[in-house]
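What follows is a pair of complexes built around chain A, which joins chain B in one and chain C in the other.
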Partner chain A sequence: MSSDATTDVPAGSAGRPDAEPPHPAPSAGPAAKPRTARPADPTAEPHAADPARPDTLPPHAADPAPAHAHLGLGRLYLRRFSRNRLAVAGAVIFALLVLFAAFGGRLTDHAYTDADFAALTQPPSGVHWFGTNQGGNDVYACAVHGLQRSLTIAVSVSVLTIVLAAVIGSGAAYFGGRTERATLAVIHFLLIVPSFLILALVSHRLAGDWRVLIVVLTVFGWMSTARVIWSVSTSLRERDYVKAAEFMGVGPLRIILRHIIPNLGSLLIVNLTLGVVATVLSETALSFLGFGVQTPDVSLGTMLADGATTVTSAPWLFAFPAGLLVLLTVSMTLIGDGLRDALDPTSATGSAGGRR
Partner chain B sequence: MVRHVIRKAAGWLLMIAVATNATYFLASWLLDPRSNYRELRPVRSEEQIDRALAPYNLDPREPLVHRWWDWFTSVTLHFDWGKSPTGVSVNGEVGYRALVSAELVILATVLSVVIGVALGVYTAARQYGWADRISQAVSVVVFNIPASVAALVVVFVAIWLNQHAGMHFLYVAGENSPDVEGLLPTIGDRLLHLIPPTASLTLMGYVGYHLTQRSLLLDTLGADFVRTAQATGLTRAQAIRRHALRTALIPTAASVAFSVPAVFTGAVITETVFGWNGMGRYFVQTIGKNDVHGAVATAAFAAALTAVGAILADIATVFLDPRVRVS
Partner chain C sequence: MTLATPQLDPASHEGARPVLSVRDLRVTFPSEAGPVQAVRGVGFDLMPGRTLCVVGESGSGKSATAMGIMGLLPPSAGLSGRVLLEGQDLVGLDDRALSRIRGRSIGMVFQDPLSALTPIYSVGRLLSDALRVHQDLTRRAAWEQAVQLLDLVGIPDPRGRAAAFPHEFSGGMRQRVVIALAIANRPAVLVADEPTTALDVTVQAQILDVLRLAQRETGAGLVLITHDLGVVAGHADDVAVMYAGRFVEHADVTELFRRPAMPYTARLLAAVPTVDGGTRRPLVPIGGEPPALVDLPGGCPFAPRCAVALDACRTAEPELRQVPGHGEVACLRATEIADGSLDPKRDAAPVEPRSPEGRAAAGEVVLRVEDLVKTFPITKGAVLKRRIGTLHAVGGVGFELRAGETLALVGESGSGKTTTLLEILRLARPEGGRIEIAGTDVGTLDSAAAVRRLRRDVQIVMQDPLGALDPRMPVFHSLAEPLRAIGRDRAAVRTRVGELLALVGLDAAIGDRFPAALSGGQRQRVGIARALATEPKLLALDEPLSALDVSVQAGVINLLTRLKRELGLAYLVVAHDLAVVRYVSDRIAVMYLGHIVETGDTEAIFADPRHPYTRALLSAIPIPDPGRERTRERVVLTGEPPNAARPPEGCVFVDRCPLYREAGEELKRRCRTERPAQTAVPGSPGHRYACHAV
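Up next is the complex of A and B:
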């Protein structure tokens, strides 16, 4: 899909150089026109957060349809995505955050575990760029490590959750009957169990290790997504290509993996990005309360908890992790909304699974 | 209608009973009440600790099934949810703290709904106007701010305001001051303690209502019946208020009904940051202090209120939406 190439500069011309001979001339014309007209056109403005916007496709997007016909699907998605300026901004911010988490540590000599006893609770300076905390740890090094930790947890929980939810949700829908009823009963049951309490209970005992936290967050986080996927797959189950595959003697597991789940693609990708936001929020909450990542390890949530008692006397302790967190969640939401509009402009399911 | 509600309530009751008992076993397995006594000096032997825990039905030498049966019978027969490892009654704690949470969350919920819906209606009627764009951008950012960050920002602003006003008038810790006497000073003192956490909760709460109400109203604004209403001579504002908003409010009303009971379970992060001894903080403390009975009671309380909220939402939908019939 196009999501891996979102930061690329969008292709200036609509026609690819290797396009068939008769087409390049007409394809360049209509595609170039809306491009210049865009700033004046209010409908082209991105409204990324609108959860259920029926008029997602700007009117002029339909005009150059003949030109798009031989545009690759990936290029089409990329074009639609990059039309949404907020989504591109989100992708750029997210890429910068990932770079910061990956390579930010190389810029400083301090490790997040080093304690500088000559500088306790010092404001930002040339030596310690983000200042130091009560134990003399360099806040910049902590922030890099904490962002790394939070990102790793968020992305892996989100991926695992989506995989689990896709298999369970579409499996329940495909098999139907007793399997479906039993799965839905389990999902509804897990939804009324106060999941945050169970999370805190389990991670209080087992946590400290971020890998355990990933497992715990996944096990108690797949239900609502699975329910959305189930409700969408119930209609996919009746499609002709599923019937055709059944008549060809394809096994149920193969039908689910090859025919149902790929057709949920856009829903899954959008839920993946929004799942990252949800995981970051709950990981932060757990770590803030002391139930998630625990010292000596550092995540953005534990840094917030450190800074909570010194909000006015040492605001840098709280400001830097808070800023990184907000950048992370906002950029991910913008990307998710941009992807939803790009992959599936007419879909109402995205909003059903997205925000509320 | 009544029969429908009773049938639903019975189903929920069964789910709550199963969930609560499952939580009891999970909590007994994961929480170790003995650790509360290990910190005491002089050091107690394991034998002494177990004996100290025995009157509270937490003795680990007793098989778990026996402990569960004692707990289960005391809950079903006397509605006694047991004691904490230090002998404090869970019933008394929950009763007091639920009211503290309610004091905090009711005002915040009302403010969130009023501000969110008003903003949603105002911006939907002026879609793509500057007010719509600005509020939309603000709401998207606020929607993604973690609760802890929002609460700490409010703390920062409150302290800053105190310093600049030159007096200490906003309190960011606790629900009341200990040495205030008399009716009016008590009310004033409570209100001043209430403002910062309410601001934080309202900030977190209005966003959802704004975004959903806006998109719900946008869906109905283009509907035929709104156009017909305008064609009969109503102004656009009248058509929106009397016809479009009426249908668009139904899902919002259901979600408000769903969230009303949640005021008693409180707000975990906000209560922790502002030092309010409500249910949210109780939940954190029970787990931190290995209080099995307290944690289970909190879980049961939360599950019960979720069920009440779901039933209230059903009732609200039936009353507000003439298209829905209970069969």
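Up next is the complex of A and C:
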């Protein structure tokens, strides 16, 4: 219980007011709670060995038999993830959406670029399953293509953003000193730049190529997440297990990748799922203003923008892309929740066999 | 200042009505695995002016009992039974009604004095607010009373200090303020939940004295919750031992310590390390772990760990019943044990004594530290940091450690012992002095590769076993990490991890678990296994036992002893608890304010402590024996360790030294101006101390 006052002082004098943010506690969760509530897993009770008599233990006989050899980390997480039924449902929905985006086009003869001038603004029918828009384009074909476009953009942007933010944020926090100050200066500078304006200008100049859109959205999207990750990491840096890893001779890169970033897990995953939603929204906004994905290319964003004007007279133009968007975001959220529980060893749902 | 602990007033309060009666108190917490039955039918009567100590290990439900009495459980918890405070039942009252009672009729002293005080108000304001909530007082009158209360609990210059904020007080002074808050409205009952656990041992004695004074002033009944049997011996009138959410023994303090009738109590007492007496008695680990409180199987919860369990013990849980001449015990064989015809510690293997041959065989020098100095700058300002002072954490520490030997650095918080340890582990040129590990001067290491090679020889076991293990890594991966860091391949790692788990006495199946799913003892074993992965020569142990329960402690001590013997390790132990140190170390170095004030063989220090600080430390440790604990002479240190930013020019201990106060003018001058040199004790090789007055 005695934490040495002398060792506390230098840590404190580093002067970090936000070193202990109220983060969805990556650790120390159950220990701080009433201790009696700790053993959530009845199977996890010590049948291990009688600690009273370490001398009389099976002398080195406990050979690491294959059955008891460790499960891979991935397998372990998968097992825990699959206990959460909602998360599995989310994963299924997401998989179906991906399949729909990838292969849905094969089911229809119409291409999203084809215009059927015989059927302008027609409601859903046997020929055009989702109806047609004002230009005679098949909404089903557009939806398939738009979903594909939006999925690619949203998922790749949010993954890239999180990776960039996690590496930069936790790296800055771990190395500290000059690296930290320089990184924070860049982050703060980028945060005050009117990024939306720059985004609009840049993507407009590059004529709405969706790959450029990914790069641009990533470059201007990582800073605020990185700032949050940095502030959480500064407290992780002081954790005992990080110090222990240092004393074991583990390299700095490995410490960041194996100890700091995984313990930011829930934060990263929440940000990832929110990132998908946010990216779809900013892509929509850009497309709506004519700066994002440009015709003849189609995304869910442009479809929503088109459909919004005729939501009363031709609701199918809005309803189908909106429905897909909702499915996409809901499935991402469910997956995010499930992953957080699976990755978080302190979560009761993950370890207790998902009993609710 | 030397004083004998006052004998508690034995005048019984026969005929008086109990101020607090608890009947069949039950507390459950919901959990995913089913309800956790934290408290399962606790009942007792508390007479005014009496002290009931509730003692138990972590998870035994003692804090949940306190919170249940106070009505401070989280809303999700279930509470049943009756808590009669001066005749009024508190269970089932809503929060408004309870708020009128809490603070007025019942006061609470929390474990952590810092988080128990609101940081944005001055302590005078906190106290007068507490008074004005329950009494109709003017602001001025409340402030006056607040000052009187601060004076009562022994805060120097109470009128001036009343305007100070909690962070301006030291830990011990804060706890005094918390006690003042608890007694502000002269409650009939005081509940103190581990009031001294967060404090240093020399401060602990002061706080317990204040608590006793507060109790005497108010005539309140005191429920003192603790895990420290020494504290129980010194302060209780009645003792209740809790295990798995129930009282398993409830008796008068002298009876309980003289002949514990519940096997658990007996084993607990046998597992407590002590400092008194000429020789060390062996520690007997209880073995096993306390049960989880979810879906408890039938039968006595202690039966799986009990040496004298009968078949009947496993079928039905024994009720608490009166044992002639002993109080109440929940054990089928209590009568046999109480009359001495059955030894509840039967067949228990004691901790092996340190073999003296082991000492003689001590090998080459693994660690040599000479004149180690470490300072920290004290800076001010957030943007432009100015250096406004220097904190002298370690000032000229030197020692030697050989293979197969254990050296313990002992001292209170702020003594620089952990800093010394971390400086050694840093493997970089120290600020001043020299560190030599396994024959290599760390100052001469020039490449990262050389540092990495030396890293293998020095490993650390940290204080908090939960904090030291990455919560997201299963045990296998935690153990594999140091091996991967030195470039072992997959197959070699797998074999070695299996070996390590077996070495520390853990099942291979543990490898798949996350640290959160392990018990405290298992976690610390994993921590030790990880430190041994690279086959180090020197193991640094930072408070390796302080986070463990008494019943588990002895098992880990055993393990450390065996590993040292089998692997020829050298241990450098940092600890604040001299009693525990006695069982693990061959030599002791007592540190105060960054200096070693006394060093010598463990038994030499215990038998013949020379430095006044060592004596004070030894005497501050409570002895788990009521008779001796209440009659022995104690050296009570006043005050708390001074600020290391301005260490005294002469002897570092001068401000708190009991000998200095009695010394003559000439000696006083020397103490103030001249650092005492290390003096050898004649006839005791290696025993040296730094004091002018002895």
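We adopt the following convention: the second predicted complex is superposed on the first by the 217 of 356 C-alpha atoms of A that agree within 3 Å, B and C clash if a C-alpha of one lies under 4 Å from a C-alpha of the other, contacts with A are read in each partner's own complex, and residues count from 1 in each chain.
Methods note: contacts are C-beta pairs under 8 Å (C-beta built on N, C-alpha and C of every residue); 3 or more make two chains touch, one makes a residue touch a chain.
From a predicted model like this one, the values you see are computed outputs, not experimental measurements.
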First (chain B), second (chain C), both or neither touched by A:G176: neither
A:P252 touches, of chain B and chain C: first, second, both or neither? neither
Which of chain B and chain C A:L289 touches, first, second, both or neither: first
Partner chain in contact with A:G135 - chain B first, chain C second, else both or neither: neither
First, second, both or neither for A:F196, with chain B first and chain C second: first
Of chain B and chain C, the chain that contacts the larger number of chain A residues: C
Which of chain B and chain C A:A244 touches, first, second, both or neither: second
Common ground on chain A, meaning residues reached by chain C in one complex and by chain B in the other: 42, 45, 47-54, 351, 355-356
Chain A contact footprint on chain B (complex, rising order): 12, 15-16, 18-19, 22-23, 26-27, 30-31, 128, 133, 136, 139-141, 143-149, 152-153, 155-156, 159-160, 208, 211-212, 214-215, 218-219, 222, 268-269, 272-273, 283-284, 287-288, 295, 298-299, 302-303, 306-307
Residues of chain A defined as touching chain C within the complex: 1-7, 9-10, 13, 15, 26-31, 34-42, 44-55, 57-65, 68-71, 73, 76, 239-241, 243-245, 247-251, 254, 258-259, 262-263, 265, 343-346, 348-349, 351-353, 355-356
Complex contacts: residues of chain C adjacent to chain A: 29, 31-34, 36, 38, 58-59, 61, 63-64, 197-198, 200, 245, 285-289, 291-295, 348-349, 376-379, 382, 385, 391, 393, 412-419, 422, 425, 451-452, 455-456, 458-460, 462-464, 466-474, 476-477, 481-482, 485-486, 494-495, 497-499, 501-519, 521-522, 525, 530, 533-534, 543, 546-547, 552, 555-556, 558-559, 562, 576, 594, 644
Touching residues (chain side chain A, partner chain B) in the complex: 42, 45, 47-54, 188-189, 192-194, 196-198, 200-202, 204-205, 277, 280-281, 284-285, 288-291, 301, 304-305, 307-308, 311-312, 315, 318, 322, 325-326, 329-330, 332-334, 351, 355-356
